[in-house]
Each structure stands twice: as structure tokens, then as C-alpha cells.
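Worksheet: one structure, shown below.
First chain written, first letter: the chains are A, B and C, and each begins at residue 1.
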Amino acid sequence: MFNYFFKRIVFGLLTIWFLITATFFAMHMIPADPLGGDKALPAEIKQNLQQYYGLDKPLPQQYVIYLNKILHGDFGYSYTQQNRRVNDIIREHFPVSALLGVMALSFASLGGILLGAITAHFRHRWPDALVMAIVIASISVPSFVFAALAQLAILGLNDLLERPLLPVAGWGSFSHILVPSMILGLGTLAYITRMMRANLIDVMKSDFIRTAHAKGLSQARIFWRHQLRNALLPVVTILGPAVAAVTTGGFVVEQVFAIPGLGRYFVQAVAQLDYTVIMGTTVFYGSFLVLMVVLVDLLYGLIDPRIRLAGTDR
Amino acid sequence: MINRAMQTNTVALSVSDFSVSLRAEGGDVKIVRDVSFTLEKGQTMALVGESGCGKTIAMLSLMGLIPDQQIASVSGEVLLQGAPMLGLTQDELRSLRGNRIAMIFQEAMTALNPTMTIGEQVAEPLIVHKKMKRADAMRRAEVLLSETGIDEPKRRLRQYPFEFSGGMLQRVLIAMALACEPAVIIADEPTTALDVTTQQQVLSLFKQLQTQHGTALLLITHDLGVVSHVADQVAVMYAGEIVEYGGIEEVFGNTAHPYTAALKASTPALQQRGQALTVLEGQPPTAGYVASGCAFANRCDRAMRICTQTQAPWINRVDGRANGKADGHALRCWQYHDANPQKETLT
Amino acid sequence: MTVRSASIPAVSAVDFELLEKPSTETSTVSAAPPRPTLFRALIRNPVTVFAATVVASVLLMTLLGPLFWSVDPARQNMAEISLPPIAKRSAQLVGYNRTWRGEHVPVSDSEFRPASELVAVTGLRTVQANTEGVRIAWQKIAGARTYHIFRHELEPSGPFDLGIPLGQVDAGQLYYEDRLGLQQKNYFYSVVAGDEREISKNSSMILVRPHPAISYWDAQLAGLIDENHQGIEGEVIELPAHPLGTDYLGRDIFARLMQGARTSLFIGLCAPFLFIGFGCVYGAVSGYLGGWVDHWMMRVVDFVIALPFLLFMILFKIMFGIGPGESGVLPMLIALVLLSWPDSARLVRGQVLQLREQAYVDAARLLGGSHAYIIRAHLLPNVASVLLVSFSFAIPAAIFTEAFLSFIGLGVVPPTPSWGSMCNDGIRTLLTHPHELLFPATMISLTVLSFNLLGDGLRDALDGRTSL
């Protein structure tokens, strides 16, 4: 077990290192010089930045400086907003994204598990067909389309009721989070539903469920103690990719609903070519995602007895 | 009434005229036809036949383990310790299953939940049927495991199925089936997936536990070698019907039905050294095939005209009378009918 | 124990004659039904047929559409911004911007009265109403020093809700021409008399709905009439049709959708083709060589899979840079290929490894099957079906990625249209002109849905075939 965990962690760290390095060289390969480009920076800022990043030094030395700063959790200063530290930007905006993401993931996993169980139970009958049609539609429609449609729907609803039931965009209260988090979680929900349905149908057919019936267990006990646990286990493995999907999906949803999250900030930074912010958020987001994937792997290892007890060969 | 009460005391399971039809594309298919047998307390009966002859379906539907939507009809009478089992509601059946009648399946490797500990799974019937507390049930499970010959039961309780070998898992399944001290255990090919040594161990474990707990065992198998080791009685099944029935010595020592004879001739364990094994030509009829006469006639060396026209009645092996009763050693084959002129030439 | 007493039929010795055993003929196992071809298995599924039809229509539209719809997708027209989808529009040709003179009457200072004593204007009427100008006139009322003209888009609810003030004319002028951004909808014009300081509470209102018109100048600019056109004023001419309306720059959405389909489908088809091809070779080599080479080649695969996909897409995009005049399609293609190949590499390697252990491959080898034969007869059929399925799922995924990146503005660069960037443009005007988002969004959704369904159908058909 230890071996398995150790391998996962080392692999995760290696990935993060590659990400940091790739980001650094990506920024230095940009055709336009980040500091000398078309934007006229005040000389003072320019000098500060040069000094801060050691831009007058050769590339390898710059890399070392950069690496050192990142290892100390210092992402530097924004390039378009004077005297704003990237760390502050992350600290200010990430909690918003995180809240939205956690809400979306909860919605996706609870909804997906529930819908998966329903469809498996009613398989090949109309509730199954209906849910699966919705599922395939939600996999095929981009989240920004759903976001836009949701906004139109909210507007229509507010008009109909002649009072603002839900806000169309913005941030601040629970009613602001509700619809965006559902939109953000929709794709993952569809994915989990599909997976859960397939798993449950597999489990239902398996021999040990027949044994459970032969033991005279009630349908409810069989579902809760035998089917659900076995069907849920593989779902845990996709939580890693699900975190990634929700994080990157946030770029779009935050944009459409005007939510002041880090995703929206990141997209803006790319549009404004705010290189330091791009570098900082990329490294931050990348490390976050890699860590989440490793964490989910470890979690799975803890849950699944086959890995927890034997799994060094995995 | 007295007779009935006496029966209840000694008869664990009595099945008469049990028939099962399943739904299939293109109409219902009668898989099990008029199966009858009696299983005495503490006895072992083997239900023998080729794969697909309906023996597993018969037992699964007896247990109510075939989903309702797949069953077209079930008829006959099944008495578990004198109480009828057919026509019970799902809840009533559920309170019997695993409690008074238990079933063990073929693939021990897949028959246990991979994500639950052995202890939890063995204790489960006790918690459900005997309303035991978890801790008590676990203690009982430990005893059961040690009874079934598993070393270090305390440690093993906390392990998962993947940490067990196939033979060990079979022992766990037996322990689980025994948990509530059922009157009857139905074991569906319990040793097929095991190697020969483990087979022997599991079989003798069955014997030992049976004498210990007085459980009746219904062994479903196609392996006559196994049958000759453990069974007290044998019922030979062909195409959904029982064709020969009787005590082990009678059926194997005085084999009458051509099908039983053919099965015997193809089993190494029952053949004498130096005797050639024979192969039974042809294929068994597909499930639900309805023959006008005897289903085995087309594969039978000694088929007669009447065999293709009418199925034989139950014929007593000893006196050759067609008395319609499957008492003692009986079979359904015209060869042994009084009216058969060639009867005397049979040995 | 009793068994149902079967009625025992009367039997005679004749019944017991032995039957001639038919000679031991080997029982013939009826041949398995022939494997249906993949095509047959596919067209048996109506959903797959529907999906294939949609995909074919989209492809046809992209390739042949521009032949029939030759509107330039890049042409902007500020006069036709955010038009709703209408199939056919026509407009009346009106003259150059001549000022209109209506009725003037003489007034004398002595008759002016304060606003509170003034009555409502009478005889308010429309002289002309088209989108190039609305002309209204009224009758003189006694004592008015000025007339004030208001325009409202909703019916006025009272004397203080008359809409935007358009202007004020002196008492002698009994007409007004409004040329302020007129559209083809209802306007409520109010005229109120007043003194030098304030206006009367008594207003008159008239409902006007301008009909479409276009000036000579605009018509010439749009190439609708030639320069020497001696048209009659009032002649009705056809305006360029925009079946799906126009976007926020007045570009034809239908033409842009077709152009955008090329971008989206180019990436959607090319990228999977390239990365599956590369992954295929990589996986085959890795599986074939085996040993430590395989080990390390697979570690690279693990590594690339572990990279956060979209972040790296963005990084690559930034890294490759987009020079002036470039569309940004190529960098996206390269980035997609670089990040997406490992899945098919794993797949193919798995197949190769599995195949090496198959008994039937050993058998084929023992029977003298050459390397080429084994690859052709065993490896290719196995790998091909798996790859076909993953290809059909890679297409919608790639289209999705393109749409996503273009939507957040990190995909193709304007003015190159892609469905994603059109959605990005459309979302700005979502609340007023939802059609600008809905059309490209529908195209993405329908196409991705069809490819997904097609992939499902393909997988099911191949599964069904192998299980037969």
C-alpha cells in the first residue's frame, strides 16, 4: 500500500514540476517580449519587474529565480494592475471558484448517483429512456449554451412572476450560486449517471447479488449494502477528472454569469496578456488539479480493499 | 393427519409434480416437467444430469430466485418440512431463504461480495433472520468458520474475499449457508470449480457437517464421481424430467435407464480399470423441446417404436409394474415395462 | 411419496419392436447465421441513421452550401446589425436626404398665452412614415408659442410620460420630421403646445409604424442599385436576405455558420485522425518491442495523461503565438494532437500485448502464418474496430474543445468564424437578440450529439457483431 501511495505522490510532484517548467518556457517563447511589447509600460514598473524576475540575467538563471519564488509560494506581481500581487488575486478569487466548484460537484455526484440508480432500476422502461436521453443531450450541449439558456429562462421566469425570483448574474447570495453550480455540474452529472447506471446493471447481474437473494435479504438491504457500494467504487475514480472538468468549466460559467472567480480572472488575464497572472494562475490551477487527482487516487486506494491491502502491483 | 405429522418429522423437502415454464422469445418454454422427489432429514440427494437439463432452473425457481417477469408458470407442490413453499409471497419466501433453506452456488470466487468482509457476509443471515446483534453474529460467524475448517477464524473474519483461495471461499459459502441451521441446503455444483484435492475436502466437510447439524443436502451436479461419494439417493434428470430415481446403491449398482447407463459409462471414477470409456452420441434436446415420446429416444441404442410415441410411466425396477409411483428404485423407460417381450434379456 | 398417477396406455408387443438405429452419422451443427455486415448492423438502428443523416447534412452544408449561398461571411453592414432571422425583406427606395418643408402659418406675439391655458393640439396626422423618416403635421392652436414633439416606444401613461423629447418648433411651424434611428416597430408620437417656459398638460398622441425604406445612398452603397439608377422614389426593392439574421457587426449568420463549420469540422476531423494515427504507431511500437522500452514509453503516456488538458491547451496556444493574419487553427490542432494521443496509444498497446498471448495467434503462427498475415488477419480487425469507436468519440470531443476555447476567446482568432467564437459573439447580445447565440449553439449541439450517437451506434453494432 505504501508503495502505491508513494508512487502516486512522486508522479504527482513530477507532473507539477513539468507544469511549472512548461509554463516558464511557454512564457519565454511568446513571440512578443512580455515586457518590451507594444504596451507602453511605465518605466518604473518595467524596471521593478525586470529586477523582480531577474530579466536582465540569462535564461537558466531566470528559471532558477522563478522556481525559487514559486517554491516559496510567491507568484509575483500583476503585469496590468499595478502593485497587485498574483497571490492576492488567487487568495481573493479562488474561494469563489472553489465554492462554486464544490457546489457543482456535490450536485453532480448526488444527482448522478440518484439518476443512475433510478435508470438502472427502471432499465429499458420509460424513466430510463427519458433520463438517458437527457444525459446524452447534456453531454452534447456545451456548458455555455446551457448557461445562456438558463439566463434566458430566469429572465422569462422573473417576467412571468413579475418579481425577481432568481438573479440572472452576479455573486453574493445563495441564489446567485444555485443555477451556475447546476450548469457547471451538468456534464459531470451526466457522466456519473451513465457510469452509475452501467455499474449497477453489471452488479445486479453478478453472482454475489444472487447469493444475497439466496440469503433472504430484503431488496432494500441488498441495494444499500451490496449493490450501491460496489457500483459506487468506480465512480470515485472519475472524481479526479470531474474536479478538472468543473475547474475548467468554471472558466466559461463564471464568464457568462459574471461571477468573480479565479477562472474568469484567468480568462481575462489571457485576453489582456497579463503574463505574470497567467503564469501564476496556470501553475496554481495545474498544481491544484494534479493534487486533486493524486488525492482521489489515494482515496480510492483507501476505499477499495483490493488496493488498500494488496495493491502494490497497481 | 398422523401420517402428515410423521412426514414433517423426517421429511425435510418434498417436491411433487413440480413444473416450471419460463418466458422466451416465441412463447413460453417448459424447462422443468413434473419433477418429484423426497429429501429426508440429514440425507443427501444428488440431482444429476447434463448441463442445461433444467436442474439449476428447477432449484432456483423453487427458491424463488428467478425474477417474476421471467417466469411464465410454476405448478406442483413443494413442502419444506411440511409447509408449502409455492405460492408464498416474496416476503414470506425471503424469511425462509437463508434461514430454513439455503443455497450454495458454483463459483465461490464471484459468489461473495468483493467489498464486504467475510465476517460481515457470514453474519448477515444471522442479523437478518435471527435478529442477532452484530457482535453476537460475528462471534457466531467465527464459530461457523472454524467449524468449516478455516484456520485463524478471528483474523479471517476481517478479510475480504480476494484474500481467500477458491476452496476456502467454498468453505465460507458453506459456513454462510449453515449460519441459521437450515433444514435444507441446496448446493449447485459446489465442487466443479475446485481442484480434485479440494473437492474431496469440501465433500467430506459436507458429510461431517450434515451429521453434526442434521441438515438435508440437495446436491446438483453433473459429476457422478462426486455423487457416488456423498449421496444417499440419486435423481437422474434428462430434458427437464427425472428419468431414474432411487437409492445410490440401487441406481448405480443396478442401473436401469439407458441414459443413466450412458452417463455411468462416460465417468472414469465409476468404470473399472481397463474398461473403455464410452461417449454418449448426439446432443440433448434444446430447452423446452417437446417430444411426443421419450426425450432420450433419439440417442438411445435400444429405442423401440413406443419410445417415440409415448413417454413411459413410472415403472418399479423390482417388479416391473407401472404403478405410477416413484417408490424405491423407479424409472421411466419402456424397457422395463411388463409388456416388453425383450425384458428378460435385460440385465 | 406419490406421483400423479399417469393414465397408463394400453400397450401391445408391437410397440416394443426395436427401432433401426440410424447409422452413426455425425450430428451436424447448424451453421451460425452469417455475421451481418457492419453497415447492416448500423442501419438497423434508427437513432444511428438519424445521427448519420445529420452529420451528412452538416458536411454537405459546409462543402456545398457556399455554392448556393454566396454571401461573404466577413462583410459587415452597420445598417443591418442584429437583424432577426427573416427570409425575405424588401424596402421602399426613398430619395436623398432632402429636408422636408410642411405648412407654415403666420403668428403674432400678441396672441401667446401661458401654457396652463393651452388646449391639446388638434388634427395630428402622419404625412409619411418609413424607416428613413417619419413626418407628422398638425393644426394650429390658438395662443401656442411653441410645439414640443415627443416619441415613446410604449403607450404614454400620462402627461409626464411622453417618451424622449425629439425637439421643439416655433408656433409658425406645424410639422416635424423624425429621422432618429427608426426601426420597423410602433412609435407613439405626442405633440404638446407650450409657452416660452413650460408646456401644456394637454397632449395629443398618434401611433405610427414606419414601413421599411432605404435611401438611394444606402442602396448604392450596398450594391443594390447601380450608381446611375434613375429609380422612382417609392419603388420597392429587395434587400439582401439574411435567413438566419445578422450578428452584432451586421454579418450574415448563415454564411458565417457555413464558414465556421469548416473551422470546427476541420479541427474535429483532422485532430482525431492525427492523434489516433500517432497513438496507434506509438502503442504498436511500444507493445511490439516490449521490455524496458515499453515500460518507459508507457511512463511517458502516463505522464501526458496526467497533464491538465485544458490548461495545457491554453499554454500551448499562448506559446505558439498567433501572428497577424493567422487564424489560430493550426496552433489549436497541434496542441490537441500533442495532448490527446496517449489514449489510443494505450489502447493499441493493450491489443498488441493481448494478441501476443492469444492461443489462436500461436496457432496461426504454428500453422505457418507469416508476420504480415497475423497482423492482417488478427491484429488489424481487432484494433480497427476499437479504433473506429474511439475515433467516432474523439470527433465530438475535439469539436467541443474547439468550441470551449473559442468561446473563452482562446481559440480561433477573429475574423475567422468558428461555431465557438460565434457563440462568444452571440452571448453579448443574448438578452436582446438571442438568435445570434442560438444558431451556432444549435449547430455545435446537434453535430456533437450526432457524432456521439453515431459512436454509440457504432460501438453497439461492433459489440453485437463480435458476440454473434
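Everything below uses one rule, namely that a residue touches a chain if its C-beta (ideal position, glycine included) is under 8 Å from a C-beta of that chain, and two chains touch if they have at least 3 such contacts.
Keep in mind that this is a model prediction, so the values were computed, not measured.
**Student:** Closest chain to the overall C-alpha centroid, by per-chain C-alpha centroid: which is it?
**Tutor:** Here the chain at the core of the arrangement is A.
**Student:** Go ahead and name the chain pair joined by the largest number of contacting C-beta pairs.
**Tutor:** A-C
**Student:** Which chain has its C-alpha centroid at the greatest distance from the C-alpha centroid of subunit B?
**Tutor:** Farthest by centroid: C.
**Student:** Mind checking the centre-to-centre distance between subunit A and subunit C? Centres are C-alpha means, answer in whole Å.
**Tutor:** Their C-alpha centroids are separated by 26 Å.
**Student:** Please work out the Cα centroid separation of subunit B and subunit C, and write it as a whole number of Å.
**Tutor:** Subunit B and subunit C have C-alpha centres separated by 65 Å.
**Student:** Based only on mean CA positions, could you tell me how far subunit A sits from subunit B in angstrom?
**Tutor:** Subunit A and subunit B have C-alpha centres separated by 55 Å.
**Student:** Can you pull out the residues of subunit B that are in contact with at least two other chains?
**Tutor:** Nothing qualifies.
**Student:** Please set out, as single numbers or ranges, the residues of subunit A touching at least two other chains.
**Tutor:** Expected reply: no residues.
**Student:** Can you list the subunit C residues in contact with two or more other chains?
**Tutor:** none
**Student:** Per the contact definition, I'd like the list of subunit B residues that touch subunit A in the complex.
**Tutor:** Contact set of subunit B toward subunit A: 63, 65, 93-99, 102-103, 105, 107, 110-116, 124-125, 128-129, 160, 162-163, 173, 176.
**Student:** Sort out for me which residues of subunit C touch subunit B in the complex.
**Tutor:** Spelled out, the residues of subunit C in touch with subunit B are 1-6, 8-9, 11-19, 21, 24, 27.
**Student:** State the interface residues of subunit B toward subunit C in the complex, per the touch definition above.
**Tutor:** Touch list, subunit B to subunit C: 14, 16-17, 34, 36-38, 281-283, 297, 301-310, 313-314, 322, 324-327, 334, 337, 339-342.
**Student:** Under the touch definition given earlier, write down the residues of subunit C that touch subunit A in their complex.
**Tutor:** Residue list for subunit C touching subunit A: 302-303, 306-312, 314-316, 318-319, 321, 323, 396, 400, 403-404, 407-410, 420, 423, 426-427, 430-431, 434, 437, 441, 444-445, 448-449, 452-453, 456.
**Student:** Enumerate the contact residues on subunit A facing subunit B in the complex.
**Tutor:** 206-208, 210-218, 221, 225-226, 229-230, 233, 304-306, 309-310
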